[in-house]
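Letters A, B and C name the chains as they come in the text, with residue numbers starting at 1 for each one.
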Amino acid sequence: MTQTGPAATAGPSPLTERRGFGDRGFQALALIAGLLVLVVLVLIAVSTAQQSVSWFSTSGLNGIFSTHWDPASNRFGAMAFVYGTVISSVIAIIIAVPISIGVSLLLTQVVPGKIARPIVYVIDLLAVVPSVVWGLWGILVLAPWLQGIYGSISSGVNGIPVLDSLFGGPSTDGSSFFTAGIVLAIMVTPIITSLAREVIATVPAIDKEGAYALGATRWEMIRGAVWPHSQGGVVGAVLVGFGRAMGETMAAALVIGASAQVTSHLFYTGYSIPAVIANQFGEAAGTMRSALIGLGLFLFAITIVINLVARGIVERSARRARGA
Amino acid sequence: MAAVTQQPAPGSAGPVNLREPAGWRRTKNGLMTGLMWLAFLIVLVPLVLVLYTVVSKGAAAINWQFLSSPTIPPNIMPLGSGGMGPAVVGTLEITGFAALIAIPVGVLGAVYLNEYGGNGILAKVIAFMSDVMTGVPSIVMGLFIYTIWTLQFGYSGMGGSFALACLMLPVVIRSSYEMLRLVPNSLREGSYALGASKARVILTVVLPSAVGGIVSGALLAVARAAGETAPLLFTILTVEQTNSNLFSGANTALSTQIFANATSPYVGAEQRAWGAALTLIAITFILMIVARIVTARFTRYSH
Amino acid sequence: MAKLEVPETVKDKAAAEPGNPVFDVRDVSTYYGNFKAVKNVSLTIHENEVTAFIGPSGCGKTTVLRTLNRMNDLIPGARVEGDITYRGQSLYAKQVSPTAVRRRIGMVFQKANPFPKSIYDNVAYGPRINGIRKKSDLDGIVERSLKQAALWDEVKNRLNKSALGMSGGQQQRLCIARTLAVEPDVVLMDEPCSALDPIATGRIEDLMQEIKSQYTIVIVTHNMQQATRVSDRTAFYSVERNEESDTRTGVLVEYDQTAKIFENPSNPLTGDYVTGRMG
């Protein structure tokens, strides 16, 4: 018991002691692990930028910002993919947002915790089903079923302005911008729901009680107390979902139809950035490979910006809620 | 769907207008609550459908030979010859190694954020960027590892592990960080008061106290990663024979096989895709259930 | 309220010659950021005595206690001015290691804080981090410490059960055993009985009397009867309000033998407090 003996008998006790190597080493390890996040993010940007230089230099700005993607003639315009990515993600968000907000309100304002927990498990299950399985189901089950529905909608809107240009025309096999949007909506619903739920849960009880004390119904309380408080954070949650939809690869690759075109017809086949990377990278070489990596860089940049903004909004609204 | 965010126009309510205002308010409240439940039911539909399809079609394909056969047959072959053994081995090895990298690093990162970083600017930046990193598309992680690893060292299961580890890292950091925050400060003080160094306090008191939540969060991250496809496409390539060597040579995984088979015109390939899908879902669900059990049994401090 | 009776035994002990000085606190002020929590405290704490810190809430008695084993270092922004010597060495000298300090100067907290481990592992924790690995050594230390803390008979058959399953009083005595297991020189106690019922409190007070021949004890307490029952010397702290900045700073009003403080205080503030007219 040499180290622990009472100091009382030991005369002036040796209180001076260097901080152990292990102690400092552990702190350094933890710091390195934390820094790794920043290192990886920077490396992603640098390495993909390096690899896409030859795309930028051979295609030029005009080439990049064209909708013409034709590897055979060495033309690598990105815009058809950007268009498809945005359109399918917007469709996904339009479908997913009301559902996600509805479910998060149900979980936080309507049902007691005992019932909320199993509902959360069910929503989490959606998130755990692998995206390639959603894609498989989308192309083999959902798309053939939607094909018939698309057909009747198309003939229904035939000749009606606007609607015809959105929903008219034949869909070849059910894969389309819209099908991709539906599958993406299923996949982003859990993330939007869980973030929105977190934000809504920070609404102070005193605000809610204030509304109830004025004789408000639950819905009036939600409109009057919950919504103003959590609006900002919910917008952030929706943005995170939008970023997720844009980057989602497998489902889009399987159900969007794999044809690079820009059209207002939502039931037509299209393409998205992650889908074209997944489908064509395998046989790509030279400028084409560089172009596909460049598309990845572009996707990275967009999703980083969206997430920066979204997380900023979520964090700020959470901080405001805590301060209130 | 607009009903959730917009008040229904009073004019549209028809006979309801004739009632007392309180009656309409009650009705509207009930209507909105009904819509919230409807939203939940809408979420249930695809989940039930996909699980039903995967189980009913996948069960027909799965047997011991399907799971263990060392050869994936050509697409044209009908069900019954060969199986998905190489993909099962690949998925388990690649995901396992990714977890081996990402969990320790992620937990250490969380330790930095909660125990060392304090309110410092660096810790705040890392915490924020780690949240942002969860939004990086998985295919970008695949391209990233392709450019910095695969181009130099060739295709291997390990490259896929690196890509999956990059995806898991921010998730593990976030979930571990939340768990460390729940450990009461009085425990740290109790350990310091016995003369423990900071590293000791963390290793012998803080981490053991939070271990339930950390393990459960990490398992969920592993479950998500096991189903990922995009990061593996250009890092492991594909093979038809089992390659149990993670560190060299092309490999394959259940997810990439599903992707490859999904668009094949052959019935046998499609059936094998469903079988692989059921296997993959079973793996992820088992991980998730284990995570729930760990949460229920070993969580000491919670909100 | 009548003056508190100081038991004869304590009176005698305190009247005898004081032990060696353990802590010499000279003109110490403590800050949290810009906030001055305590100012200009000077006192000497003697070996093998129980010293009590009393005073109203916010008077800084816990703050002073925590400066004695550098626990305040753990609070971001905390700073100490003045000089504290421990057995002749300056506690806040640059090369002094806080962990080495805390190994000799242990602490028991207001709320029992057993680790979520078994009873055995709680007591063995300190010896283990100090490098004792041999099972037989640890067994001996655990038994000795639990006996010192008067807990052995209650727990000897369930040493491997979780400490979180014990009663509040048992948990606090376990924390004392845990502190004694590293054989500290000084035991600091921060209101150790404030969360306990009278029976559990009595046990811990008896325990303090039993172990004080081997240790030096400093206890912060809200309970003046407790101070008269257990302590040889008492320091009375009070709060000084700064009108300009509307902040409150703790000050040491009087420090003397417990009997003197409670029966014949020299400062009227002390008299008001111990007779219940203020506080």
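Convention: a residue touches a chain if its C-beta (ideal position, glycine included) is under 8 Å from a C-beta of that chain, and two chains touch if they have at least 3 such contacts.
Computed from a prediction, not measured in an experiment: that's the story for all the values here.
Set side by side, the interfaces B-C and A-B show unequal numbers of C-beta pairs in contact, with more at A-B.
In this assembly, the chain whose C-alpha centre lies farthest from subunit A is C. One simple way to say how far apart two chains are is to compare their mean CA positions; for subunit A and subunit C this gives 54 Å. Subunit B and subunit C have CA centres that are 49 Å apart. Separating the CA-averaged centres of subunit A and subunit B is a span of 14 Å. Looking at subunit B, one finds that residues 197, 200 touch two or more other chains.
In subunit A, the residues touching two or more other chains are 19.
For subunit C, the set of residues touching two or more other chains reads 99-101, 103-104, 126, 130, 182. Against subunit C, in their complex, subunit A makes its touches with residues 1, 3-8, 12-19.
Residue ranges of subunit C in contact with subunit A, taken from their complex: 47, 86-89, 91, 93, 95-97, 99-101, 103-104, 126-127, 130-132, 137, 141, 182-185, 214.
If you check the complex, the residues on subunit A that touch subunit B are 19-20, 22-23, 25-27, 29-38, 40-41, 43-44, 47-48, 50-51, 94-95, 97-103, 105-106, 110, 119, 121-137, 139-141, 186, 189, 217-220, 222-223, 240, 243-244, 246-250, 253-254, 274, 277-278, 281-282, 292-293, 296, 299-300, 303-304, 306-308, 310-311, 315. Of all residues in subunit B, those touching subunit C in their complex are 118-119, 184, 186-197, 200, 204-205, 208-209, 300. Looking at the complex, you find that subunit C touches subunit B at residues 69, 71, 74, 76, 98-104, 106-107, 109, 111, 113-117, 125-126, 129-130, 164, 175, 178-179, 182.
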